[in-house]
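There are two complexes below, and they share subunit A, which is joined by subunit B in the first and by subunit C in the second.
Moving on to the complex of A and B:
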């Protein structure tokens, strides 16, 4: 089976679900997703009172119908079918649609890649050709635990037969010695908010100057390694997003080095569908067809949003307390397989099947490779795309 | 006595989105701050004791965990509902400051912040 535990979509997972759940090849994150089908499941509720699923769908549709300024957020780790339904629902409800990619620069970078303004590559190309990989502000060993072993560092690639021992170098740049930093050949620790100075230092090395930041000897050594790379790939994550104020300078640096950029991102399917339709990857308001910062979930929540439909994302755990409390005050509907803080503060809870285990569909890997997800076990829970469709039909 | 501290949040490999956030096991792993020996001495706390973190955006009590990594005025928290309590709603173009949260910190005997009470 294919694992939807993260956007690596590992395709070699062995799984047997009987009285016991037996899983082979998965990382801990993937295993927990499969094992969670019997744990912490959401129950259908309206105003904390248990209801049947049909009534929760009716309540959700009523709230959306009465909404003056609704927003739809998510989904994470779901199918393309669900992402399409979420967009259709946003159109019908005249809602804003956004996802986690607008919480940092990953959405911005992905949009640049979709517009072909920055080079990227597939994970398969990375496995076959990559000789230098940089992990800037990301920790795939924690967030995407098999990415380095399957693609970027450990495997024998078509043109990198001697693997990590001789053919590949890995560099971690982060504010802390993460698990990824522990296994990389080289690590640069950047104080919070000072990534821009390191970028300038690398630019200096690339143009033959002495860098003016940090451990000059080490930065020159890494800068020269970057210069000599035949097929470099730069992975980025939330750490970079929250540290750099000069994102376009970062993009220039990527172009100067000739590296391919691969943001480590979840929910890229929604970004691609929105881009194909609107030219933007997130922050779209279907009420007036506008795009902009005012449609970012956090900014919109500070404004006059009166209803929020959250799909499979515990966004309340990731936003400031004041905004989480605001989410509790407005009409919030949570659609997802498990209980979390967002479901706890929502007025309506609608449980769903766990995609790729209890329901089938298609999904994009982080590099847009499309995969077919199988249903491997029967369940009483409805797929999330069906729930969204039924809410849309009831509007 | 209170001291200034910068908090950097990170994605913890042992915290899963499918988990019950109100379970003891989740709280033990998620409601923590990692401080190095020097920082722990500064606040007069030992591993397993509680610390109060506060700023204009909120206050939270979490458990102290020893960090092997040198702090230099920095504490590390897994990204969780507890670290988000301290986030400012001011953004830079929609981007929240998960990697750079300024707080005051002091030792406390108060229990770890109960999310059910906070969101009653």
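Moving on to the complex of A and C:
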């Protein structure tokens, strides 16, 4: 089966769900996702009162209908079908639609990639050819535990037969010694907000100048490694958020190095669907078809949003407390398989099946490889795409 | 300039014969039944003897601090599962990333279409495999650290970000 625990979408998972749950090859995060199908499931509720699912759908539709400024957020790990329904719903409700990619620069970088302004590659190409990988402001060992073992560092690839020991170098650049930094051959610790200086230092090395930042010898050494790379891949994450104010210079650096860019991101399916329709990957307001920073979930919450529909994303745990409180004040609808902080502060809770286990569909891996998700077990829960469709029909 | 550049090297764990020996009384009094403190340390690591056999550690006040440090140091060993060849997996630390599975040279040699290219094992002959999110060991007799032509293989230790694999016997 395919694991939907993160956007690696590992396709080698062995899974037996009987009296006991047995899972082979999935990392702990993936195993827990499967193991949790009998735990902590969301109950259909309106204003904390248990209701049947039809009534929760009606309540959600009513809230969206009455809303002046609604927003739809998520999903993180779901199917393309669900993502399509989320967009349809945003159109019908005249809502903003956004997802995690607008926190930080991931969405921006993904848009550049979709526009073909920056090179990228697939994870399979990374496995077969990558000789130097850089992890800048990201910690895949924590967020995407099998990415380095399956693709970027440890496996033997078609043209990297000697694997990580001799054929590959891995460089971590981060504000702290992350788990990824722990296993990379090289680690550069950069104080918050100073990535730009390191970037300039690399540019200097690339153009044959002496870098003016940090320990010159080490920077030269890593700079030259980057320069000599035959097939370099640069992974980025949310860490770029608080440290690079010069994102376009960053893109220039990527171009200068000839590296391929791979933002580590969840929910890229929604980004792609939105891009194909509007030319942008997130922050779209379907009320007036506008695009802009004011449509970012956090900015919108600070503004005059009155209703939020959140799909399978515990966003309340990822935003400052003040904003989470604001989320509690407005009309919030949570659609997802499990209860969490976001469902807890929502006025309407609509439970769904766990996709890829209790419901089928298609999904994109972070590099846009399409995978078919199977349904492994029967359950009484409706797939999230169906819930969204029914809310839309009731509008 | 506060830029810190580190080249990572595998770190020796304190949970080694020498690490233990340093905290023992080092008097070679033989009360434990061993010929020396060093051989006591070796047996401790192999779980063939328990710390309480060194009674001086418990009786003399001077050793109290060392004893506590030893107890702390040995705790994971007592809790961990040790295979008959000395490979220790700390299941509480492992999060199933599979780095060791893909890096182990025996896994690679036995399973060119699975582990070698980053996938889960497709052969029964591999040593390391992830089950229910934690790595499990099998076929330990084929581990490169054992047998006649043993070598000091580190290929499963170095890539583990969680330091979940150890060979405390050295």
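To be clear about the criterion, the second predicted complex is superposed on the first by the 395 of 395 C-alpha atoms of A that agree within 3 Å, B and C clash if a C-alpha of one lies under 4 Å from a C-alpha of the other, contacts with A are read in each partner's own complex, and residues count from 1 in each chain.
Heads up, the rule we're going with is that a residue touches a chain if its C-beta (ideal position, glycine included) is under 8 Å from a C-beta of that chain, and two chains touch if they have at least 3 such contacts.
Note that the structure is a prediction, hence the values are computed from the model and not measured.
Asks: Mind checking the superposed model to see whether subunit B and subunit C fit together on subunit A or clash?
Replies: Superposition check on subunit A shows subunit B and subunit C fit without a clash.
Asks: A:192 contacts which: subunit B (first), subunit C (second), both, neither?
Replies: In the superposed model, A:192 contacts subunit B only, not subunit C.
Asks: Quick one: classify A:182 as touching subunit B (first), subunit C (second), both or neither.
Replies: The second partner, subunit C, only.
Asks: Who does A:258 touch here: subunit B (first), subunit C (second), both, or neither?
Replies: In the superposed model, A:258 contacts neither subunit B nor subunit C.
Asks: For the overlaid structures, how many degrees, to the nearest 10, lie between subunit B and subunit C at the C-alpha centre of subunit A?
Replies: 60
Asks: Using the touch definition from the top, say if A:29 reaches subunit B (first), subunit C (second), both or neither.
Replies: A:29 contacts both subunit B and subunit C.
Asks: With the two complexes superposed on chain A, say which partner A:94 touches: subunit B (first), subunit C (second), both, or neither.
Replies: In the superposition, A:94 contacts neither subunit B nor subunit C.
Asks: Which partner does A:145 contact after superposing on A: first (subunit B), second (subunit C), both, neither?
Replies: A:145 contacts both subunit B and subunit C.
Asks: In the overlaid three-chain picture, which partner chain does A:344 touch, first (subunit B) or second (subunit C), both, or neither?
Replies: first
Asks: Between subunit B and subunit C, what is the shortest CA distance in the superposition, whole Å?
Replies: Least C-alpha distance after superposition: 8 Å.
Asks: So subunit A touches subunit B in one structure and subunit C in the other; where do those two contact lists coincide?
Replies: Comparing the two interfaces on subunit A, one with subunit B and one with subunit C, the shared residues are 28-29, 32, 141, 145, 177, 179.
Asks: Report the residues of subunit A in contact with subunit B in the complex, numbered from low to high.
Replies: Residue positions touching the partner: 28-29, 32-33, 36, 39-40, 76-77, 102-105, 139, 141-143, 145, 175-179, 192-193, 238-239, 241-243, 245, 283, 293, 296, 298-299, 302, 314, 316-325, 328, 337-341, 344-345.
Asks: If we count contacts the way the header does, which residues on subunit A are in touch with subunit C in the complex?
Replies: 12-14, 21-32, 35, 127, 141, 145-146, 148-151, 154-157, 163-165, 177, 179-191, 194, 198, 213-215, 218-219, 222
Asks: Can you list the residues on subunit B that touch subunit A in the complex?
Replies: 6, 8, 10-14, 16-21, 57-58, 69, 74, 76, 79-81, 84-89, 91-100, 115-116, 118-119
Asks: What part of subunit C is in contact with subunit A in the complex they form?
Replies: Its residues touching subunit A are 1-8, 94-99, 101-103, 108, 114, 116-121, 129-134, 155, 158-162.
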